[in-house]
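Working notes, beginning with the structure itself.
Just so it is clear, A, B and C label the chains in written order, and each chain counts residues from 1 on its own.
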Amino acid sequence: MTGLLEAANLVRRFGGLAAVGGVSVALRRGCLHAVIGPNGAGKSTLVNLLSGELPPTSGTIRIGGEDATGWPNWRFARAGIGRSFQRTNVLRDMTAMENVRLAAQIRGTRARHLFRFAGSEAGLRRAAAALERVGLGGHASRDAAILSHGQLRQLEIAMVLATDPTVLLLDEPLAGMGAEEAERIATLLRALATDHAVLLIEHDMDVVFAVADTLTVMVDGLVLDEGTPAHIRGSARVRDAYLGHAA
Amino acid sequence: MTAAALLVQILNGLQYGLLLFLISSGLTLIFGVLGVINLAHGSLFMVGAYVTFMVANAGFGLWLAIPLALIGGTALGVLLERFLFRRFYHRAHLDQVLLTFALILLFEEGRSAIAGNDFHSVAIPAFLDVPVPIAAGFAYSAYRLAVLAACLVVAMLMFATIERTRAGAAIRAAAEKPEMVDLLGMDARRVHMLVFGAGTALAMLGGALAAPLYSVYPNMGDGFLIVSFVVVVVGGLGSVAGAFWAALLVGLVDTLSKVFMPVGAGAAIYVLMAAVLLWRPAGLFAAARA
Amino acid sequence: MLIAGRAGHLALAALALALACMPLFASPYYIGFASSALVAALFALSLQLLVGGGGMVSLGHAAFFGVGAYAVWWLTSASPTAIVATLAAAAFAGGIAALGVGALALRTKGFFFLMTTLAFGQMLFFVFHDTKLGGGADGVFITRPDFGMFGLVWDIPRRQRPAVLLWLNLGMLVAMYAGIAVLFRTLFGRALLGIRANEHRMRALGMPTHWYKLAAFTLAGALAGIAGHQWAMTEAFVSPELLGWHRSALALLAIVLGGAGWLHGPIIGALAFAALGEAAGLVTERQHLVEGAVILLVVLAFPRGLGALRR
């Protein structure tokens, strides 16, 4: 079975340093793929490569079988690759609803739709549903600027969901959330993984091992090991290189 | 066209380019280090030219005008930084545009009040007002050669300062990572004043040297300001070396296009800028940034 | 970008009504003055589409204003032309010029965008200043287009002309304001606001922001061309000065003076600045001194513009 998003031998150098030094991943529908590793292992760079934010120095990226290497990031998004940012990246002068609605309207917008009024029903419905799913239904009309840090993280995910992606790339979505919200989002991630391909970067190992179907362990820009949670838990290499420090 | 005539035009182009460097290096340093766009930079050039004119009118020559432009320029720059620009580092571009546009209006109105609205020519110093033979049958103005040499000396002094001194290291650090300046043990505010003072002095020096060549007239800074923008865009933001090579390139392209293509030559440097934007939008000499 | 609420629109309507009634009580000189101020407001409003919309601070916008004004001269110098034709031509010429400049300048951002728009605008200035395209460096007088459509021409007696021009400019301003206000309720307008707030995020969500900005730049150029058309109608004179960047800077000033965040800001700002210049002219010959000092004061004392005081 081919993946929705496949990357082969991705390399990204900054100056002489290879932040990602030859990584291959395949993201499949119905699979939650977590990437773990110590700080500076190249996880965020990997997400930036997979979302078209950065062009790879070498290697190829395919979306649904089509070669997408070198596409600008907006083409990735229009091809169904949705991503969240590690540092919250929302429009602060707009309400939560307006943020999500704008996101809902971007993907799939054709030039002939551009001069329709912005309050379109479909967009509104999708935006409201996305807010509800992340647990922000009650805060739809509040300005993004006054939301708490955890709520902004939720809004960030709602914006990605509203674009109706097939692949979700989530860069530390739970960071800064309270326990209750984190649990809600973890449950949501599990639910999303049934009909999406999900790539998750997360530091909380309890969450990762609870939700992930597949785990990739990265160290120094390279894949140290890959496999099911049970396999990774038992891997001596991983324990030596990484889990040992975290414990 | 003979080789000698071409040589004359190339010298003209280099001399114009070096003069542009005096203006655009200050502009690019002030962008790079302070993050401010200074539209009034051309007015400072104008002030330098008018200082020379008035010094000459009072019976003195360039030997007085040049130090006056350098000292007065540094002082004016430090005052402008201390009392105006410092408040605008973190303001929107729009506000910076308006601040510096207001300064243009005030400088021009001040010029009009003090020196009037007429064109004035400024005499070339007598000992430089001689032709220098450069090839069989061709002579070149000694003053232009002197300007060329003076600008080259200034450029070398600038590179030496920036590459070799502690203040230069602070300037380079400030242009790349503002937070680095404190680490180097220098007061960022002093670096800012230094850069603004030096940039202003360079613009006024440019005006002083240019006055005998181009005469002085209202709004003379405008044309030089805009061509300097072209230099900065071609050279890359915050890069003094980029400004140097781009200034020479722009000076040569402008001068030679006017010789070979009299109609529409004024557009040549803008075509050059358009080509650079298409090919390397960050500028020809911009350091690759991750 | 903020659009005035009901109370704000009532105040704006009252202002429009007062201007429309000027022919009843004001001298022809002041009617002409108001007409010119309305042209400045039209131009500043067209720039607000860029500044308030996509967050694009352009110093080359006056070039499209000038191109629009010259389009009137190109048409009317050949034969008498109806205003519908000159208006369309001015908008088209301004839009095409903006498309060309925007395609290049939008490859840059921030300071570079300011500098490249300024430089390309000045290039157009030199084109009109130095070639036959502009009819000479000192400018040319033009015959106004006819008020008419489909061959019917409405001949206006000389005495009524100032009033008719005033009403025409006022009508154009109201139409342009309404048009932009509606535009900001469409998906395209919302997208521009999103780009202004966070372009990077918009791209990551799948928006080809470059094309949106280019479309806005072109549209704003066409609107500036319309403003330039009204200049040509009002003054019956065009010169390369129209394209100079000082006019762009003054329009940016109008936007800030009126409160940069508001759609009506540039209108208030342009009218206020025109009134200031006129008042200063009564007191001193050094108008620029007063204007420069006032701009300095505004940017130092009211970082958010005069219009923001009410909030």
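Going forward, contacts are C-beta pairs under 8 Å (C-beta built on N, C-alpha and C of every residue); 3 or more make two chains touch, one makes a residue touch a chain.
None of the values given here were measured: they were computed from a predicted structure.
The minimum number of touch steps separating chain A from chain C is 1.
Taking the mean Cα position of each chain as its centre, B sits at the greatest distance from chain A.
A simple rule picks the central chain: find each chain's mean C-alpha point, then take the one closest to the mean of all protein C-alpha atoms, which gives C.
Between chain A and chain C, the centres computed from C-alpha atoms are 44 Å apart.
Spacing of chain A relative to chain B, judged by their CA centroids, is 49 angstrom. Chain B and chain C have CA centres that are 32 Å apart. Counting partners per residue, chain A has no residue that reaches two or more other chains.
The touching residues of chain B, counted against chain C in their complex, run 31, 37, 39, 87-88, 91-95, 97-99, 101-106, 108-109, 112-113, 226, 229-230, 232-233, 237, 263-264, 266-267, 270, 273-274, 277-278, 281.
Contact residues of chain C toward chain A in the complex are 185-191, 193-194, 197-198, 200-209.
By the touch criterion given at the top, residues 51, 53, 72-78, 83, 85, 89-94, 102-103, 105-107, 109, 113-120, 159-160, 163 of chain A touch chain C in their complex. The residues of chain C lying in touch with chain B in their complex are 51, 57, 59, 104-105, 107-108, 110-112, 114-116, 118-120, 122-123, 126-127, 130-131, 245-246, 249, 252-253, 255-256, 260, 286, 288-289, 291-293, 295-296, 298-300, 303.
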